[in-house]
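I've put the structures underneath this note.
You will see two complexes here that share subunit A, one where it goes with subunit B and one where it goes with subunit C.
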Partner chain A sequence: MAVAENPDNAASAGIVSVPATDLPWWDISRIPAAYWVVGVILVILPAFSSNFVLFQIFGWSLILGMIALSLMFLAGYGGMVSLVQMTVAGVAAYMMAIFGTSAIDTISVGWSWWITIPIAIIIAMIFGTVSGALAVRTEGIYTIMITLAIAAAFFYFARQNYVLFNGFSGFNQVLPPHVFGVDWRAPVPFYYLTLFWAALAYLAVLYVSRSPFGLALQGIRDNPRRMAALGFNVTAHRVAAYTFASFIAAVGGILLVWLNGQISPGAVSVGPAIDILVIAVVGGIRHPVGPFIGAIIYVILRTFALDILVSLGLAGERFQLLIGIGFLAIVFWSSDGVLGLWERWRQRAGRRDPLTGEAAGSSGEGG
Partner chain B sequence: MLTRFFERHPFWSVIILLAVAILLWLIFAVWPDGLEDVIGKKKIFLNALFNGVTLGALYFFVASGFTLIFGLMRNVNLAHGSLYMLGGYIGYEVADATGWWLLSFVAAFIVVGLLGIVLQYVVFRRMEGEDLKQTLVTIGISIVLADIMLWIWGGDFYQILAPKWLSGPVTLPLVTAVKSSGDAVFLKYPIVRLVILIAAIVVGILMWLALNRTRVGMLVRAGVDDRDMLSATGVRIQRVFILVFAFGAGMAGVAGVVGGTFQSIAPGEDTRFLLASLVVVIVGGMGSIPGAALGALIIGMAEQFGSVYFPTYAVVLTFLIMVLVLAFRPQGLISSRR
Partner chain C sequence: MAVSVAQRLSATGTGNALELRGVSRLFGALAALTDITMTVRPGERRAVLGSNGAGKTTLFNCITGDFLPSSGTIRLFGEDVTHFPVHERIRRGLRRTYQISLLFGGLSVLDNIYLACRGVSRGRFSLIRPRRNDALMHSAENLMEAVHLTEARDTKVGELSYGQQRQLEIALALAGAPRFILFDEPAAGLSPTERRELIEILVNLPSHMGYIIIEHDMDVALRVAESVTMMHNGAIFKEGRPEEIEEDPEVQELYLGGGHG
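Presenting the complex of A and B:
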């Protein structure tokens, strides 16, 4: 199983994949130490951080990370850079508002959560699959353009349609339900909710990437003609990848609408769609952990850039410039984002180390 | 070429001829009473038609540079919308300072063209063939440029004023209605839009001539077909690249001035025109100048007719056309590649 993983990917994340051994899958010693450290920190985080940090920083990061993860799955394993993922999330969010409850009770149907959530996810998945089916007719750069055009079309449609999407203002007061006597919008429960789904999405992507389907997808990414000659249905695999990615994006979208309490066309415009790409690329699109790293960087910048700029005596509105320049710098020097920089730094550090020699570059602390 | 098209697609030729004939009749004939009840006044129809064609001219200005750059270098320049907007702002500043409308075109072409040279020399030359990296870098550039322009020019709307001899409407020899007294009412249309339409046609023809009748055009076409083979014959292909990039970017700048005169320049227009040129080249066919012209015409008309006859879903109509083209001719209506 683990052999399938590209060794570069594993090393770049600072996680060393354990070679396939005789150990059964439930044996916890197979889990690398880095997972333990990060996992324990994330689980006990509410004990020592404020509600603001939990809700606005980590909640938001995990949600954006999930949506970017769906893009990473398509781009990293399928070679299809899709800008439609934010729109898929937006469709799920809109469906929550339309079929669930919101302040716009003339449109909202008001069904309860256990039926709204499946409907929202299914509709978003259908939307993502149809967009994917359109996009896979083309390759490479065309995919980016077509998905960008689909995202823009949905944005304009949602903005102009008042019957279903309530036009410019969208829906507000779309809140998570009270289930099992817990208010899921309170910071700590919401944090655990997003953490649970983000972890599940992360593990699902990791699992699928090593499954026969994921391996076939990576084969198609590397050489579609050879895979077609081997008897794989290239188009079907690609469309299925969009469907799987849409599921992750849809869950992210539902959590996003609960986090913000509202959904409006601004959330699905071209800007946010590109932000998701920025997040995935800044983090690194060769390993599923990349989007989450990118999301944390993005959210921290987005939240504190204003204060930093003001404290440096610059105008606060220029934070978009800061993000743009940072993004440019990262993609210009490392097409693999932060993960790529990390990997390069480790390699350099390993080469300089006279004691461990070259081996220091390839084996980390996790083994 | 036309006869060959007719021989190969007799059915479609008849359909196209019929459509053209109906269109001509709709334009020139005095509409019978029944027709106006069904699809509204002739004046509205004619205005939508002219607006669509002139909007198509504007789209052609933007998309021709985009498609040329893409066709030759396979560079996806997602900062093209930012170049458009920069051209508009520069045109505004020059026209405002000197009062010469025509000078603003020259200034926008030169400044944005120079920026294009810098882009090609500093950015694209280093990442040839790396699609994703190019896309990401140009997205980054467009974010940075958009914010710098917002910094300099703020969030206001700017409109470039056309000179006096171009302002006001002109009466066209097209009858929109007949009064009860028997007098014919003629269509009045802003002269500046017609001039821009004619300019777009002239530029299109000049581009076609330059591509098909000059030595540089020959090099460009050879580069589109097989870049490696061309550079193997000893042509300094980087020079051709820089030239084409400068021209394409300059066209985006000129388009900005046109757009600023037509409509206005404001933050957000960069994305709008980037998307418009994307849709235009997807519909028309990547890398083809006639494709850009056809795509621009179709999208411009669809937008205007859409906004007149079904106002809520005008954008969706544009999108629908794109989906149909993708579904049946993924390479675009007029494709430069096989």
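Presenting the complex of A and C:
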């Protein structure tokens, strides 16, 4: 460390305040205590929670969180709101069913998992990249419209095509393989499987955000015209961002088809596509942890809203109303989702921000 | 910033830095530029003067490729770049600053300059984070020092003062190994002290680095330029040495007359 050369640091004798960016990214001391707590709880969770909580609550949340994370990467860093991320996940899920095994053995090829998974991921990435290439020349509302149109087109195609996609009923019995003598569909192994990939995707997005590619993407978000005037090919960068996001969405899609054991057009219809947007926005798209927060709120509401409504004497099918009201409330109070609420609370509490390491009062000093 | 001998030779070698032939640009029926023909030698420093709406910024936008010209050709160091996209021209050594700062408000000062350095080198798509001894990070830090922004290293650009943002605007244009720079009113809105610093930076640029500067302040323009192009209504009105232009009766009537007296 060139501390001695830096007059600011040399002046503050004793406590050397090192900017967060000066420590290497792998330095463990950079990880805030809250992250340790959450990490440890997630790892030991199977010891004290039921299979239902592991599989249906956390498994599902982590998967939806990953798919929403791919949207957060595009929207938060790239400024591109894509509604096609659920469809990319759906393509990967369908490819697992078509090339792997399912109950529909007239269509399913029955290849082994180690060949099916790469094929599914690659096809989903190609699909996501082509969608991105169509969408990136537009901005704002038009990006949303084009990606929504692609999502809707894929939904109707999958529903009407019986040769490849088995139409309305889709595929069932699409299950994870038994590898290393473990049944990966059993709640505890499946939980660890999703936790592993979700954590990897989270760390990958966090890492890439500070890489030249990620920084350039944020530059494009802030000012595409200037990025071109610095020598960057803005269109190519945006398309590459879709490719990267598609990889995360594809992994999420494979886990999703294993969780449900089936894939049908309903999973890739416009509703779920918008749900992913809701999850990302409710959680917050400024930081990769946001989509996971949004996902767990969504899953808890989806799972328990029905019971709550019934216990209050209301019709159970109105659970969407609860989700809608929750969405409205969060967006109304904080345009940055739950993360934004949290950050404002931290600022009021006058502490350092755990995500950026900035002093909480910095915005006050600036203004 | 060290510039190798080879780079100097290639910059000052054959051909003109910039050559416009019959460049016109129409916006519908409005002719923003009409038949602009101008030649800038390598290392030449030229001021472009003219009232609002004279087409100065449109000229810059055509040279960088933000707009394609409706007709005419643009050559950069002898190469026809008329139909090149913006980033391809930048990679050939062209740079520009903007009248209204176009910066990356969500990123830190160092990240802004690092992006500028990365844009004209390889590895733009790299997923690997820069190490602490990364060569580009070093040149970014040197550049940050050259424009007196080291203290604001980790500050988000959106929180910088106006003067600092203008300094950063210039730093972004100096990244890499620029051969020719377009400055669009770099002194606009600066305090007298900041103006002096700006003039110092411009005058002290390596001699092979030519530029065109749009400047309303005649005192600044005449101090940093060795030739002047006057524009009026989208066309070139007069070209010459600063003294000639300043004393030209037509120019005085058109431009210096009211405001400068």
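Basically, the second predicted complex is superposed on the first by the 321 of 367 C-alpha atoms of A that agree within 3 Å, B and C clash if a C-alpha of one lies under 4 Å from a C-alpha of the other, contacts with A are read in each partner's own complex, and residues count from 1 in each chain.
Following the convention adopted for this analysis, contacts are C-beta pairs under 8 Å (C-beta built on N, C-alpha and C of every residue); 3 or more make two chains touch, one makes a residue touch a chain.
On a predicted model such as this, the values are computed, not experimentally measured, just so you know.
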item: Partner chain(s) touched by A:237 [first = subunit B, second = subunit C, both, neither]; value: second
item: Partner chain in contact with A:331 - subunit B first, subunit C second, else both or neither; value: first
item: Touching partner for A:323 - first (subunit B), second (subunit C), both, neither; value: first
item: Partner chain in contact with A:206 - subunit B first, subunit C second, else both or neither; value: neither
item: Touching partner for A:309 - first (subunit B), second (subunit C), both, neither; value: neither
item: Touched partner set for A:229, first subunit B, second subunit C, both or neither; value: second
item: Subunit A - residues contacting subunit C, complex; value: 8, 19, 21-22, 24-25, 207-208, 210-216, 218-219, 221-223, 225-234, 237, 240, 362-363, 366
item: Complex contacts: residues of subunit A adjacent to subunit B; value: 75, 81, 134, 137-138, 140-142, 144-146, 148-150, 152-153, 156-157, 160-161, 270-271, 274, 277-278, 281, 315, 317-318, 320-321, 323-325, 327-328, 331-332, 335
item: Of subunit C, residues touching subunit A in the complex; value: 64, 66, 85-87, 90-91, 95-96, 98, 102-108, 110-112, 114-116, 118-120, 123-130, 132, 151, 153-154, 159, 172, 175-176
item: Parts of subunit B lying in touch with subunit A, wherever the complex brings them together; value: 74, 76, 130-133, 135-137, 139-141, 143-144, 146-148, 150-151, 271, 275, 278-279, 282, 286, 312-316, 318-319, 322-323, 326-327, 330
